[in-house]
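What follows are several structures.
After this come two complexes, each holding chain A, first together with chain B and then together with chain C.
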Partner chain A sequence: MTRLKIKQNHDERISSPKLLSSESSAKGAGLTRRRFNRALMTMSALAASGSLPVRSAIASEPIKIGFGMAQSGPLGGNGKAALLAIEMWRDNINARGGLLGRAVQLVYYDDQTNPTLIPGIYSKLFDVDKVDLVLGGYGTAVQAAALPIVMQRKQVLIGTGAVAVNEKYKYDKYFQMLPNGSTARTSTSEGFFQAAMTMDPKPKTVAIVGAVTEFSRNVILGARENAKKYGLKIVYDGGYPPNQMEFGSILRSVQAANPEVVFVASYPPDSAGVIRTAYEQKLQTRMFGGAMIGLQYSELKQQLGPMLNNVLCYEFYVPAPTTNFPGIKEFLAMYQERAKKAGADLLGFYLPPYAYAGMEVLEKAVTAIKGLDPNAIGRYIHANTFDTVVGKVTFAPNGDWAKPRLLYVQYQGIVGNDLEQFKRIGTQVIIEPQEFAYGKLYYPFAASGH
Partner chain B sequence: MVTFNLLINAVVTGILLGGFYAAVTIGVTIAFGMLDIVNIAHPVFIIMGSFVAYIVNRHFGFDPILTVIVAAPLFFLLGIAIFRFYYAAFESSGKGSLRGLAFFFGIMFVIEVTLLLAFGVDYRLVQTSYIGPNIGFAHIDLPLRMVVPFVGSMALVSGLYIFFGHTFIGRAIMAVAQDEFALSLMAVDTVAVKQLAFGVAIATAGIAGGFLIVIQPVDPSLGREYIGRVFAICVLGGLGSITGTVIAALILGVVETITSTIFGPSWAPAVSFAALLLTLAIRPSGIMGR
Partner chain C sequence: MRRIPSWIWPVLVALFILALSRVVKNEYYMFAGYVVLQYIVLASAWNILGGYSGYVNFGSAAFFGIGAYGAVVLDKLWQPPLVVAIVFGGIVASLVGLVTAYLTLRLRGVFFAIATLALAIVLQTLVMNWDFVGGPLGYYSVRPDSIAGFPSYVNYLFVIMLGLALIAVLVARAIELSFIGRGLAAIRDNELAAECCGVPTLRLKVFATMVSGGLMGMAGAPFPYYITYLDPNSAFSLAYGINSIAMPLIGGMTHWIGPVIGAVLLAVIQQVATVTISSELNLMIVGVLLISFITLAPNGIVGLFERYRQKRQRRLST
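What follows is the complex of A and B.
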């Protein structure tokens, strides 16, 4: 485990744990075998020593929540932001007296966005750290690596963000917080294609470009299905390797195919490269964008600035008249304050609200069943709808959101490189889904974008 | 369908890309090819250069390439300091090769984690007047974002070519590369010469970092992506040959972009490295190797 570098956070900022009331102690202790055994051992020891009352010893033991989270590597920026949100929840619940009256302690490791480290991390969490609950990190590849281990331990896994990880396993205690929906493969690009079909006249051709990685591959498969569904002919379909740095030849080939719509599934550095190249080449197409990871990050939004104009990309949250979920403004205000010190994403629109919402779901389930039994938690989460900072959340049988809610947003009127403009309503206009849409799609891409 | 226009653009883009590859590889050519030091940490010095360019550009608005040129002496001094430690700890006791490799791995991780702690994991970009404009003519696209680093790279390798071929110190470095023992018999302080050469290698990495951040966003762990590529170009060019490095870099760049245009970008790495293997099978010492 020496390669599990940088961080193992055994929290030092746990609020003073409160003693359990006799009622909550009884309810909490009776529900799992582990807790029962622990209580039994504690009782025996204390009975032998004739010292403290049993219930205070149990109450002082924190609930450990373990996870791997990218703090470095390609998705480290997201992982850092998600971690801050989870820490905010921990501080919040500890200030409210803890979960089941016990303090919450986070135990996490930097997975370096590297799925090969995941088996070691989760084995250590279960066997050495003896965590009570686990979360999934950020990214399809890392969650795909974590899920079989968590299944083996029959624990609940609440993932921060992944696409179609549980498609084959169909594990009943897996939940995924990003709003891709239960048909994540197709729903990730569905809004983009729906928006494309609102153009007049309707487009007939599409180019699909994407990185050859787990996430992009899934999204591209879905995009092909959507292209077929909406009757679009794919005139260019190309993948590129993860370390691609030159996109000129790709976009020239795309331009040569003369598509009316260009769909891109890319990772952060590629997203910046593709957009800069499209801008330099004055790409002529009617609609351009897709599932481009990175455009949601403050740093890239700020640096790309006006080059983003008229790009249609997915976001999970943007300030809009239609996304005023209860608690979201307060959450973001607090997050943005803490993010400055933590060195995390300054806006926090992308992952943090969903990471926090995941913890709210877990909290409500544990509180409702009054214990940590994974089967009971799983059943409760499946059976209920949760009010969270990202709105109401209901889960499908495969653990994804029952109803997808990926926001396809067109960047409009971006001037200069001031980050504050992205906090304003109107610079990231929601085009799809219609339930949240409030603006008009501008097209063609090139004429108005340049 | 691949048209002539697409092909000619692919060749031009490949040349621009290859020029940049030459700049990132030239330091490895000096350290590995001439001094026999497996500096696996070379790409992370490139990333350091990128971050120097980023900080100065972000806070003072200075040009990233001019910034790294001004900062090159600092990288040179850093290279000298690292070599002195490396020499004292490993090379002087004859344990340079394998333990030295572990040493440079260590250097790589230390610098990477330091950058992570200092700057976080976000991707960093710079703002300059030549990011965005295109000076295309006759259906050929020439994005300034690629042209400026290419011109800078060619100036860098040309300068090094003149330095190694026409200056006393440069010839001394070439002499060390050819036969260190013979040079030492002539009372030359070969360690001092190697130290200078290693300083020059690290200085080129710093400058290449300025080119890199103009071309693409940079994060602290990006250097790992370049390890395979820079050593492949160095070997393909012929160890220690500056001309060979430039030719190999241009070949790799052009093969990548042509493959990307004709067969699709996902084939580019496979075809590039197949070309490398084929060249080495025909000419094991590399294109300009002796």
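What follows is the complex of A and C.
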């Protein structure tokens, strides 16, 4: 049965003064990483156990941060995970004395992954709830619908999970917490093609398959450019409608073209369907994968298990010797503890660290300028590099990451369907970018039976 | 004393809402009101074919989407005033209605319903593969902050939709009370008998489909400016089809006021639910209300009121 939740969350939980030492109640700028993490752990544990007292402790007027976030609809799972991360940040900041000495209160609504609800939701946030700051929801369509309203109010918008939203508006107070970077169209598939070209002998042909949807179309346009750039001949280039459930005919056509590399841009249900079909048909190719949304989720990792072996796909974060960013382990440990209760993704590698990092950026900017002036916040974020749980982040003039850092990961040695194995270093080996790479690329594709 | 004609009431209500829109500064109510008015247009338009003639049309989203993408095409070509886009959207949707009518109106019942549902899917697929309007990448329509004579552009959109709602209601009322309405009612009751009595059934059905589709297309034209980012999934959402049926069904399909009551009731509940209780309840609310009305009040709220009035009259006469 679908679990129904109260979506309007005017969260009144404010941290207890008893939990704050005189040191930790100082402004966030003077905090050490260790103290920060300790506060996060303490507050998250208390919040998770429901023992956080409800009382006004920090200042009379809380800072309200408003947003729409998918809690239902196709992207509801991601939205739940992102929301949990944002709540963890709220608990953390309130434990440290609040933002600018004021408690932080989240005001959020379920946008149902439906952009038509966005104008109503964001105008309510501004005009009725009177929020001080806003965040973007998850996904391109909802952020694209929210941006004009935020621009009209001249506020800052920090979003997670949207591609090329600011291309037309060029709004100077828009920021995107996504490692695809300002050249998202090509950078999303760049790592895949770079990895393909390391095979010996170098491949000469590629098949490109993707859903006819906003994300996939963007990625496919970039993949075509990359194929040309790396001198690969496109022997199959086909799209399929968004609700396609049967991939047998598509993959038979792909096989008929006999490509050495197969690049797929798909959404979660298709990603699972394409991989299962590739196994059923024992697809003969040297490299298989691409921008397959869904393989980053715990559910699909668990479902597909060994079928993921040798698939090369993008990830935002995986445990690796090269991704040991300060604070990420503590964040994930606490996230995973709370995720089960919150009904969110159990591993939390995909969106949660980025949603949390976005809040860290906002916190640092607000603390540094000692106010909520959107122009000053926007200028500060553009001018600085931020240390976050996902590493150092600098923004390009269009608000995307200045330097793309999408990880292309090959799943290796997956046995059975135990989720715990994905927490181990070595099951999701980073192949690209070289800055984070630590393993060897295996080929051909495991489904081909070699 | 002469009785006040009933068309005056929608006009007065519209004028009252117009006056109210000049006083209310809060844009949230403009956005929420826009959605309610949009559904009044869709529900009234649906009822012209579905309610009066009994042909259940599941393809409201198709006509709505045509209007929305018609506006996108014009916006890309020469950015005309919104009113021109609305007229264009209405004409194109009306023409598609004409073609659809000739192709599908020989079908009845579930076959007709499936044919109209397929129309929405076919058009969505076409738009998905039409790069000129953005295809699956969608289309960004930059909305101006303000427009002369209105406090904000959102207020302007609200007033435009108010005008469209008034037109839709007046057209629905005019059709219902004319010989066309009587002909459509005859088709609903028994099409064969109507044909035998000399009712030009095909012509009436084609006319109803064109008017219904045209009004839906007109409702879709301002949509890109309301949402600012239009993608095929939003423009051809099945929710339009479901709500367009549910609203007249709940309000009552045999009177022009029925769809208005249903649209106001259901759209307001949905708007409130979005920002109060779980939004997942939205579709469930529609479902529960639909089942309740189909079983307890098949003629909708208007039917309930009518039954109460007749009972009262009988009691008074005895």
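In this text, the second predicted complex is superposed on the first by the 395 of 450 C-alpha atoms of A that agree within 3 Å, B and C clash if a C-alpha of one lies under 4 Å from a C-alpha of the other, contacts with A are read in each partner's own complex, and residues count from 1 in each chain.
Here is the rule we use: contacts are C-beta pairs under 8 Å (C-beta built on N, C-alpha and C of every residue); 3 or more make two chains touch, one makes a residue touch a chain.
Just so we're clear, the structure is a prediction, and the values are computed from it rather than from any experiment.
Colleague: Please determine, from the superposition on chain A, whether chain B and chain C clash or fit.
Modeller: Aligned on chain A, chain B and chain C clash with each other.
Colleague: Could you look at A:G273 and tell me whether it touches chain B, chain C, both or neither (first, second, both, neither)?
Modeller: A:G273 sits against chain B, while chain C stays out of touch.
Colleague: On the A-aligned overlay, A:G391 touches which partner chain: chain B = first, chain C = second, or both, or neither?
Modeller: The answer is neither, since A:G391 touches no partner chain.
Colleague: If we overlay the two complexes on their shared chain A, which of chain B and chain C does A:P241 touch? Say first, second, both or neither.
Modeller: Both partners.
Colleague: Figure out whether A:P374 sits in contact with chain B (first) or chain C (second), or with both, or with neither.
Modeller: After superposition on chain A, A:P374 lies in contact with neither partner.
Colleague: Just checking: does A:G159 make contact with chain B only, chain C only, both, or neither of them? Give me first, second, both or neither.
Modeller: neither
Colleague: Once the structures are superposed on A, label A:D345 by its partner contacts, choosing first (chain B), second (chain C), both or neither.
Modeller: Touch partner of A:D345: chain B, not chain C.
Colleague: So in the superposed three-chain picture, is A:G289 touching just chain B, just chain C, both, or none of them (first/second/both/neither)?
Modeller: After superposition on chain A, A:G289 lies in contact with neither partner.
Colleague: A:G101 contacts which: chain B (first), chain C (second), both, neither?
Modeller: neither
Colleague: Figure out whether A:V212 sits in contact with chain B (first) or chain C (second), or with both, or with neither.
Modeller: both
Colleague: Which segment, 91-99, 127-135 or 163-171, is the chain B region that clashes with chain C in the superposed model?
Modeller: That would be 91-99, the one stretch with clashes.
Colleague: Can you list the residues of chain A that meet both chain B and chain C?
Modeller: Correct list for chain A: 5-6, 71-72, 212, 241.
Colleague: For the complex, which residues does chain A have touching chain B?
Modeller: Touching chain B: residues 5-6, 70-74, 76-77, 79-80, 212, 238-241, 243-246, 248-250, 252-253, 256, 268-269, 272-273, 276-277, 279-282, 294, 297-300, 303-304, 307, 343-345, 417 of chain A.
Colleague: Please give the residue numbers of chain A that touch chain C in the complex, ascending.
Modeller: Of all residues in chain A, those touching chain C are 2, 4-8, 71-72, 109-112, 114-121, 123-124, 126-128, 140-141, 144-145, 147-148, 152, 168-169, 212-214, 216-218, 241-242.
Colleague: Using the touch definition from the top, list the residues of chain C that touch chain A in their complex.
Modeller: 26-28, 30-32, 35, 125, 128-129, 135-138, 140, 142-143, 145, 154, 226-229, 231, 233-234, 237, 271, 274-282
Colleague: For the complex, give me every residue of chain B touching chain A.
Modeller: Result: residues 1, 3, 5-6, 9-10, 13-14, 17, 113, 116, 120-125, 127, 131-134, 141, 143, 145-146, 215-217, 219-222, 225, 256-257, 260-261, 264-266, 268-269 of chain B touch chain A.
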